[in-house]
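Got some structures for you, see below.
Look at the two complexes coming up: chain A is in both, with chain B in one and chain C in the other.
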Partner chain A sequence: MEMTAKISGSVAIATLKGRFDAHEVPAVAAWLQSSQQSGLVHILVNLEGVNFIDSTALSSLVSGLKHCREKGGDLYLCRLTQPVRVIFELTRLDNAFTIFPVEMDALVAFSTPC
Partner chain B sequence: MRIDIITTYPPGKGSLNEYGFHFVRFLRTKTENVSEIILLVDELPEGEHYAFEEAPNLVPISARPCWKFNAPNNIFRILKAVRATKPDIVLFNIQFASFGSSKIPATLGLLIPWLVKLSGVKTTVLLHNIMDTINLDQAGFGGSRIMVGLIRFFGYVVTHFILAADLVAVTIPKYVEILEKKYHAHNVFLAPHGSFSEPDADIPVSVPSGPPNILTFGKFGTYKKVEVLVEAFELILQSHPTARLVIAGTDNPNVEGYLAGVREKYRHVPNIEFTGYVSEEQVPVIFGAAWAVVFPYTSTTGSSGVLHQAGGFGRAVVLPRLGDLEQLVIEEGYDGEFFEPEDAHSLKDAIIRVIDFPERMLEISSRNYLAANGVPITEVVDWYLFHFENLLSK
Partner chain C sequence: MIVPTLMQLCRSEFEALAKTWLLLGAIQVTLHDDGLLIAHYPGDLLAAEPDLSASDPNSGLSMHLYGIKGAQWQIVADAQMHLLGRLLGSEGEMDSLTGSLVETQDRLVALYDLTRATRGAMEIRDVLCLLAVESTRLLDAHGAFAVVKIPDQAPIIHQFLDSPYPNESLLLVADLFFLHPEDNNFKECSAVPPGLGNVVMLILSVRPQVQACLGILYKSREISSPDSKLLKAITDQGSASLDNALFHLEAVESARLETEMTLARQVQTALLPQSLPKIKGVDIYGISIPASQVGGDFFFITSNSEHALTFYLGDVTGKGMPAALLMSMTNTSARSAIRYMPFSEPHILIDRLNNDLLEDYSAVDMFVTIFVGMFDPDTHQLLFANAGQSPVIYASPNQETILLEADDLPVGIFENHHYSMKSLNLSQGDILVITTDGFNETSNEKGELFGIDRMKNIINRNSHRSAKEIAESLCAAVSEYGGSDRQEDDRTLLIMKVTGDEKPVFHQTEMEVYAEYEQLRIPAQVLREVCSAAGVSEDLIGKCELALQELLTNLVNHAYEGNPQGVIRVSIQVTADRVIMQTEDSGNRMESDLDSVEMPDPLLLQESGYGMAIIKGLMDEVTYRNGEGKNFWLLAKNYTKE
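So, the complex of A and B:
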């Protein structure tokens, strides 16, 4: 899996490509942790290139979501591919996360006061 | 939120007691989400009682024994207990035979989630198996073809009642598919089983010391039968005379006296240990000594907690070629040696492929450790809490 990370304003963004499974989780978990430790609690994970996601990977995102919300932030997702969307629907985690079709929509949502 | 959990729980020995124990163990740490847990548990034999650790950083918990395996009045007693405790949400940790081995109490018990929902309380069911995939004969509910047909019909009807709960969680993707396609359910979701043990930083796999130790663990007599394993063990003794077979666990409540019968039938076979009930403290010891954990199943009624346990302890496993288990192995990243169900020679060969080949044993052990510890049950509990909060916000 390839991961590219960047920061846009107060939002930490990771774009993932390839297979997101137990073997790839440590890298994503480390990025989530370092972002949160840097005070970034608005996180966006762009899954545009992810063609497979397993329960361990899902769990790492749930864990990231939980920590962001505990600190007053959130973890948004965008650009889910069809196989990944199916897994989110199967687990009904699509109800737990806020999911956007494109990155820009998520950034606008972060910048819009609730 | 205040949560009622209808479950079995140690020292109760009913099925799913271990899952109940570990789920609750981690749910108690979620003090930011949960204010109180009330376990609606089965009554214990005289002299036994439920006990809990009390600590300020744990959610307060109490147990309210209010049902009995095979009692026909569980439905009234559990509803009364739910009304009395006034929870925000009720979770059922159940499978199809949770409330009885007799058909009437088993069926009546499965109507309880629907009735709880009718009473106005948000209801979630964690359903560990579904009727559509159970081999009724081998699960101890068989009899004549007419009887099996009747049970299937009532199973179909009861499944609809279970699906009347607000949410139904299952641990195998195929179950979601069946419930959505056959029952047109829209409230089912997949939740990982989760690992019971805390993961270590290093993968703790090694060949245990001592002679080859073959373990089977569970509640035996219905679809978990040890005869073929004992016969395979007899064959193994020819080349490994110091090998040991540990049959850990008790009779399935549906088949009392089963293990005593096996012990008598195979009294001529040496090096077999029947442990009886295994306490929580002894579980790591039993698994830690095992070279191979064998699943002598003739059918399966759901995701195997024993497989997750074996993986959590970094053990190699020997599995039958049965739909659910093989699917689980593949989908969740487990590995093992496989045998043809009810074939002692095939089972012997599979065990030998583990105990005679340490590299293969360690390869399987490592993969199973990673698979089992991929999603610790503490994270699975978080998934449920997201679903509960979502339900309560509606």
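So, the complex of A and C:
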């Protein structure tokens, strides 16, 4: 799986492409951790290119989400593909995460004070 | 007597001698050879009686002195003649030796030319021609002839003679010689034509079974020593060239045969069934693997208006081209009979074959075994007739797997023999395996036969699999058993499995992976491929893939606790309306209760525990069994084809 990371303002963005399964979790978890350690509490994960995601991958996102919120930030998701939606709907984690159709929407949401 | 050319040599010596005599007072000196005057000194010849004469009896040389007398001069003159005689003798010897050497050199060059010429000759006739011509020249003979006899071919005779002889006469001499190669004397033999009695015969040794000889019409009676050496050289060279030409002939013939075999194989392959008919309720598969390019085994499967399924498998005695030719005829006859006699029953078909082909088979002392079957998928009745074909194995669930007796005669033996028909009522799960004896009669390096029991075991062990897979298991097992050596006998088999209500299986695959996350991608990929091929929708494939992934991840984490050496067997089966995924592992038992598994509350943001719930949510059937230290999981999802 490919992961491209960038920073936009105060948001750390990771765009993932490929199969997000148990084997890929350590790399993503490491990125989440380093972002948080650098003080970034707003994280956006763009799942545009992800054609497959399993529960271990999902768990790593859940973990990321919890840590962000603890620090006063949040973890948003955007660009979910159909296969990815399946698992979110099944686990009902689409209720727990804030999901946006496109990246821009997520960034706007981050910059808008709640 | 001295040779005239030598006179040139001794002229200056003679003049030197004569001068010394003149100094001593002589007025003329003459030199004679056997009395004949050959030289005189000085100038004009004086006719007078010599005062002194000396001669050398060995060479015939004599000298006359004029104008000088005395006993002491006689002694000197005698000594001089003796010396001169010796000198000329030596010169003569040298000359003759040189002449000999030159002659030998000529012959060597000629032999070398012969070698070069014959090396280029690939055709037998060319070699014989060269041999005859060159040996005549080298030996300065009247002529020569050569005879080559190759089994199953007309003898090849070439002659190079002043007056030609009929080939039969030359062949006669050659045959006489072949009978007694040590005896080179044909003069006494009355059967030999006059003139040929003086021939010197030489054996040309080539490959066994081929006889060849060279006959030389010698001029002189005796064969000189250098000549006999030359003869040996000629025969050695001749033998080598001839053998070469024979080898070339063999190679060309072999290549031609190879091409013929390749063509024959293409024809045979085209004659065997190219595709297998799909008949409801039956899974049927056949394959033929000949031992060499072409073989005597054959099979056919077809469906017609009267019989839903007709099939046969047969084996012509023998291998290679003869068996292949008879096989083609038999196959064609059988297919024709089925097409034009659609109401026929198996034994009538065989009767027909027997009548059609008896003459052909009897002519070559061969026969063919054949099993003909007709199956009705509605009544599940199998009608069959077996003309000596074995083994035919019948496996039925909950019964012992048996060998059906081949108690009728093979085809091609007796005229008007009437074959008998039998019937069997088959049920779901029944398997009929018909093979030629290339399977059970394959032997390993110890000479032990593969045997029918091994075949029965393989069929039993794979009874749940498709006909094709059972066939593949059998072929692989026999191939491995026989070792890497060349396959001795043709291997042909036909397997029929009654699937009944069971939907025909599209695909079934098994694989083994290690308990590592990265390895889990393999079954996922295979699942995708198999489902796509079966026409399963992308949406459904995605769900099955996720369920499988969750299951396998669970096994890695819980059954094997992350031990990457753990082995998980994954089996994927796709039928017309169901995707079935099964796993087998030898890790920890699952302790939790499947029934009580629930999806965690999302708002709790749990980081685990989703897996099993996801599987249950996606699949129509989830079962877990544990036994003999192994865990067995089954996940199944129904679908409708798009």
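By definition in this document, the second predicted complex is superposed on the first by the 114 of 114 C-alpha atoms of A that agree within 3 Å, B and C clash if a C-alpha of one lies under 4 Å from a C-alpha of the other, contacts with A are read in each partner's own complex, and residues count from 1 in each chain.
Keep in mind that, in the parts below, a contact is a pair of C-beta atoms (placed from the backbone, for glycine too) under 8 Å apart; a residue touches a chain by one contact, two chains touch by 3 or more.
For clarity, every value in this text was computed on a predicted model and none was experimentally measured.
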Clash or fit (per the criteria above) of chain B with chain C on chain A: clash
Contact breadth on chain A, by residue count: chain C or chain B: C
Touching partner for A:Q37 - first (chain B), second (chain C), both, neither: neither
Partner chain(s) touched by A:N95 [first = chain B, second = chain C, both, neither]: both
Which of chain B and chain C A:F52 touches, first, second, both or neither: second
Which of chain B and chain C A:V62 touches, first, second, both or neither: both
Touched partner set for A:T112, first chain B, second chain C, both or neither: neither
Which of chain B and chain C A:E70 touches, first, second, both or neither: first
Chain B and chain C footprints on chain A, overlapping residues: 21-22, 54-56, 59, 62-63, 66, 90-93, 95-96
Parts of chain A lying in touch with chain C, wherever the complex brings them together: 19, 21-23, 52, 54-56, 58-59, 62-63, 65-66, 82-83, 86-87, 90-93, 95-96
Chain A residues within the chain B interface of the complex: 21-22, 25, 54-56, 59, 62-63, 66, 70, 90-93, 95-96
Complex contact set, residues of chain B against chain A: 32, 167, 173, 176, 189-192, 332-333, 370-371, 374-375, 379-380, 382-383, 386-387, 390
Chain C residues within the chain A interface of the complex: 517-518, 520-521, 524, 539, 542-543, 545-546, 549-550, 553, 556, 599-600, 602-603, 605-608, 610-611, 613-614, 617-618
